[in-house]
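Next come the structures, one after another.
Here chain A shows up in two complexes: once beside chain B, once beside chain C.
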Partner chain A sequence: MQTYSHARSRELFARATKVIPGGVYGHLGPAEGCFMPVGAYPLFSSRAEGAYFWDVDGNRFIDYMCAYGPNILGYGDKDVEAAALAQLKEGNCVTAPSPRMVELAELMVDTVAMADWAFFCKNGGDTTMFALMIARAATGRARAVLTRGGYHGVAPWTQKEGHPGITSADVSNNLYVEFGDYEALERLFAEHHGEIACFMATPYHHPVFEDNRLPPEGYWQKVRALCDREGVVLAIDDVRCGFRLDTGGSDRHYGFEADLECFCKALANGWNVSAVCGKDSLKDAAGSVMYTGSYWLSAAPIAAAIACIGKMRELGAAGLCMEKGRKLTQGLAAAGRRHGFDLRISGEPSMWFMRIAGDDSWQTHQAWVAECVRRGVFFTNHHNHFINTALTDEDIAFTLEVADEAFAVVAKARR
Partner chain B sequence: MQTYSHARSRELFARATKVIPGGVYGHLGPAEGCFMPVGAYPLFSSRAEGAYFWDVDGNRFIDYMCAYGPNILGYGDKDVEAAALAQLKEGNCVTAPSPRMVELAELMVDTVAMADWAFFCKNGGDTTMFALMIARAATGRARAVLTRGGYHGVAPWTQKEGHPGITSADVSNNLYVEFGDYEALERLFAEHHGEIACFMATPYHHPVFEDNRLPPEGYWQKVRALCDREGVVLAIDDVRCGFRLDTGGSDRHYGFEADLECFCKALANGWNVSAVCGKDSLKDAAGSVMYTGSYWLSAAPIAAAIACIGKMRELGAAGLCMEKGRKLTQGLAAAGRRHGFDLRISGEPSMWFMRIAGDDSWQTHQAWVAECVRRGVFFTNHHNHFINTALTDEDIAFTLEVADEAFAVVAKARR
Partner chain C sequence: MDQHTLARVNLFALLRCLEDLPAVDAAARAIAEGKAETIQFTVGGVGAARLAIGGGRIEFLPGPGSKSIHLWFPKAEALNALFAGKGNPIPLKGLTKIAYLKGPFTILTERLGYYLRAKPELLADKGFKEANASLSLRAAVYALAEIGNSDREGRLNAARMPDGEVLLAAKGGPELTLESKGGRLACRKGLPARLRARMVFADLDSAGALLRGEMDSYTAIGSEKLELGGFVPLLDNMNKILGLVPRYLN
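And then the complex of A and B:
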């Protein structure tokens, strides 16, 4: 297997640093703390199709980041693109919404188990902020309980005091609890009785830089009962997990019903739309909050979402992603063992997190990821990965071959 | 001229209310306080092209709302669509950005007079929030001075305490001043010396429900000098005005330079992208803020923005919109006079605001707008309007004919 060069990526990056703060932002920024194997990875893509993208130097990668979630049916899925392109010809961003908006809301109510209604916006962060505001409007309370290390976007209230640009007022309504610790949550609710508008959490805990954690047995059922008892809105941030655990919502996957559920990412296979679904009891509160934005009524992403949900249901996309993820992660762990590495897999298989155990500095893990990326398998260092339905058995076999070779290189360097 | 029926719109709206809070949200919601002539207007669009949209009942409207700003070159502009569609074939929402992102940043630096760099996101509200966070990160200060009635999105910090979902903590860092009152701003800066991170305002004041106000002579130059003296970041929210006053930024139109400038709306003729431009002195601060989101690297909207900016420059779009707006608003005011109405035009011609003077209840104004909408001219009640370059002399003539007839109807009803 050849290893890849990144001359054009580096050249573009040099241009980017002149006109974009940090050059490339988000998780891709090759700054300190980034989640990518800096020296080894491609910075710019030229093309994407199915499970692959090609970088500007012509290298192909099996992409296990899936644009950080949106790619669930394969890049450029024919059915989703056809629906979006047909709508584009009629009209996209127009003063009045298209009937597609009503159709998507009806489809989401039919698809998402907890949903009585749906509301569409653009970013994942738009949905978590709206959920918070709905909960406050409905309860007349100000506080939100969040899980430590949980990610709900980049708005100041979701970040930590002391981070650049964040003030103490931004987070003064927040209370924090460990994900999965029901007793701690119960204590917090008791201490702040009558003050808490909502408990917001991801369906399972998928932070960066640490093993992902599934909810303990019975956790969500107890949380549901507690929220009912205390009149607290249970808001599930399904932005990342949504449609990869269960097409009917990740709350259904874990056997409970959220009051509000936030979707984005896989909703439209990369077309720009996000959604909040809610229970009837919160519909008036949702309608009372002033919430709108540029492009929010745009019809092409909404048409794409209709096609994407239809195809996800038809394929059983969540189940397929789980199955492919299981096969892949079992193979990756086995490859590690063959070379004396304990590769710990955590989280759900369709969105697994991995790290080499006993590697506190992460250096060995990063070296292994870099060797994989150099061979055309796009992993990142400290973020969960994503499976899409276009990933084939051949892709998985190729990945396992690369992973094995990468472990061999790292094992040799360690000796 | 025939008046229009809205049977299919009403039918769809009945379906919408079952599955979407409020039925249709944003400015279009036919709820109390909405900005539309409720009884007369179409709720759903089926098609859009150039200066027109067609509703689901087959009625054509000359659209003076332009999707609340994005439509600047005409709906479905061939050059913008071709650029976006070509990029869609290569890849849109991919793990790594495309070279288009660097090209757009370079183009914005070349186009926007104040810009040393650019950063892309999705909503207008994403850009104002980022500007606030950059200013705080750069100054180590918490407070923002905003203008009373100014609109910067829907995030809690931009709304008013007491609005549904808004808490006192959300707005506790805000100070408010009247737009255009330099002395009041100077006093506020003195009272809060060393506490103010930024002054954020629109280039001219374009609130809803009141006459829009241009900056007084010399205002921005004095503000610029004051901000320099006090080390306060001058952030211009050009989300709505951007590219309709001057392709090089609305600060250039008024003869000053902002430190940060927010763009959205007209940036990509309806494709989903927004941008913050900034001075080099704030580049490191911008890079230090954690700010990213789903779809933010998507290449198709970025390719659309490149084509849109190119065409706006080539056409001199801002100048064209100003000219068309001047012609139209002069004609509208003359039509009013013919029927004994004083139609007050305010703001810039490309984005004019209008109201019938001496009509404190707004009833006469609303009745006139409704008569226009019934005849195929889409105005709204209490929001500024927008001009696009696809609007022809014939469209303007048709509009003036309709406006005249509508004034006649309202005058007759008043007698």
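And then the complex of A and C:
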């Protein structure tokens, strides 16, 4: 199998570093994205369609990062694009919002099981910040309980003291608990009785760098009851999982109801809109918080979200992604076994995490992922992956062929 | 700035760099081949370290021990003042050797400063540029361990580092191992016994450019001038401490 090279990506990166801090910053960049070794990875794309993107050197990749989640129906889905483009012609960022905003709120209330209302922003971090502010406004309390390793964006309160730009004051209201440890959560609530505004967590634990963990049996039901008893707002960060586990919300998938639920990623198949959904009991508090942004009510992304939700419901997108993910991950693990590697799969199949077991320094895993990327299968090293509905059986078959060859290359180097 | 951490950086990182000065500098080599002396630096509330000079080499020895000259600094600020060129030590032993301190030892520290605080015009010289990069890399890595063990933010990040050994190196230049164990950091020369992560510059030029601030780390990574690999939680938290190094070395 031929391997790719990235001469134009490198040229563009060199230009970028002159005028952009870090060249490509954040999770799409080589540093935060853990491109190891960097030389195996493309740094810029030229176009995207369906389950693929092409880099600026013309190499095609089956994209298992899906822009880190937004791509759920396939890049450039014709129905979503048509809705957004039609709205663009009518008006987008205007002094008064479009009726599409009301339509999307109605659709979300109809789609998301726990939702009595919806509020729109732009990014996932906007929604988690808003959820925390609503909880504080509603309870008159300051503290938030978060899970260790949980990701809720990049606002200072979501980061760690000692990281660049973060002060102790930024995180002084945070309390931390292990995901899935109900007894520890109960103890923390007791120790800080009357101080906790909200418990914020992802529906299952999907941090970087470690095996992802599903909630233990009965965990969320006990947490729900505890929050009710203590008057704590239960805020679910469904930014990453939303619509990939259950179109009705990931809380429904695990059999409970959140008070607040944050959505972004798959909401509009790549168009920039995010949403907080909430229960009636928190509607006044939500309305009381001053929270807005220049582009939050822009109509084109909202029209895209309406089309995207409609199509996800019609296709049963979450179920499809789960099924494709199951097929793919079973094949990847089998390919590993053929070459003597124990590829461990964790998390939900529609957004699985993987690592090669017995690899204390992760160098074998990084080498295998790099060989896959060199052959046109875009994985990344230590983040969960994403499935989209445009992924075909042929794509999965090709991926498994690449994975097999990549394992063979790594096995040979190891000998 | 935290004076205690700065004193640890001065005592355990910068003085340690003198070990490698004779390899790149003729004046330092001549002093190392001259009269043998062991100088102990004792800093109240901080610790002690010795420099054994003679036999063609300079050896850095952490902790107190036998010495021919003993310099006492009542507190961290006193040592820091010396390194800033604004203070003097109190000699407890070797009063007759003041001339050595004012002569050869002062020359050594000045030569180290000459390489570490590189004037732009000197960087045109290939040998100087390499010496600057090599010594700067050592100073940064030695300082990294001290900052991780002492500075408040450094300790927060060191505590988040899992156990393991990280290789910090430049191809064609120094190879240093940083060991993280129980949230404490230690640095030694040479390759890790059991490498868990690596941060390796493509060459000394790249290391120098980054350490002199001519290139940022993200650019270095993306342009393959700096290769990262292995157990990322080690690197990720270590990098946060590396980000603090310029506060102390500049």
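The definition used in the following text is that the second predicted complex is superposed on the first by the 410 of 415 C-alpha atoms of A that agree within 3 Å, B and C clash if a C-alpha of one lies under 4 Å from a C-alpha of the other, contacts with A are read in each partner's own complex, and residues count from 1 in each chain.
The rule is short, and it goes like this: a contact is a pair of C-beta atoms (placed from the backbone, for glycine too) under 8 Å apart; a residue touches a chain by one contact, two chains touch by 3 or more.
Keep in mind that what you see is a predicted model, and the values were worked out from it rather than measured.
Enquirer: So in the superposed three-chain picture, is A:V94 touching just chain B, just chain C, both, or none of them (first/second/both/neither)?
Expert: Touch partner of A:V94: chain B, not chain C.
Enquirer: For A:P21, decide between first (touching chain B), second (touching chain C), both and neither.
Expert: A:P21: touches chain B and chain C.
Enquirer: One more residue to check, A:F209. First (chain B), second (chain C), both or neither?
Expert: second
Enquirer: Can A:H163 be said to touch chain B (first), chain C (second), both, or neither?
Expert: both
Enquirer: Looking only at chain A, is it chain B or chain C that touches more of its residues?
Expert: Counting residues of chain A touched by each partner, the higher count goes to B.
Enquirer: After superposition on the shared chain, which partner residues are touched by A:D284: those of chain B (first), chain C (second), both, or neither?
Expert: first
Enquirer: Starting from the residues of chain A touching chain B, keep only those that also touch chain C in the other complex, and list them.
Expert: Shared contact residues on chain A (touching chain B in one complex, chain C in the other): 21-22, 24-25, 29, 31, 43, 163-164.
Enquirer: Quick one: which bits of chain A touch chain C in the complex? Just the residue numbers, please.
Expert: Contact set of chain A toward chain C: 10, 13-14, 17, 21-25, 29-31, 34, 36-39, 43, 160-164, 208-209, 360-363, 366, 381-382.
Enquirer: Can you tell me which positions in chain C touch chain A when the two form their complex?
Expert: Chain C residues touching chain A: 152-154, 156-157, 160, 164, 195-197, 216-219, 221-224, 227-233, 240, 243.
Enquirer: Where on chain B is chain A touching in the complex?
Expert: Touch residues, chain B against chain A: 12, 15-16, 18-22, 24-29, 31, 42-49, 53, 55-56, 63, 65-71, 75-76, 81, 85, 88-99, 101-102, 105-106, 108-109, 116-119, 121-126, 129, 132-134, 136-137, 142, 153-157, 159, 163-167, 169-170, 172-173, 239, 264-265, 270-272, 274, 278, 283-298, 301, 378.
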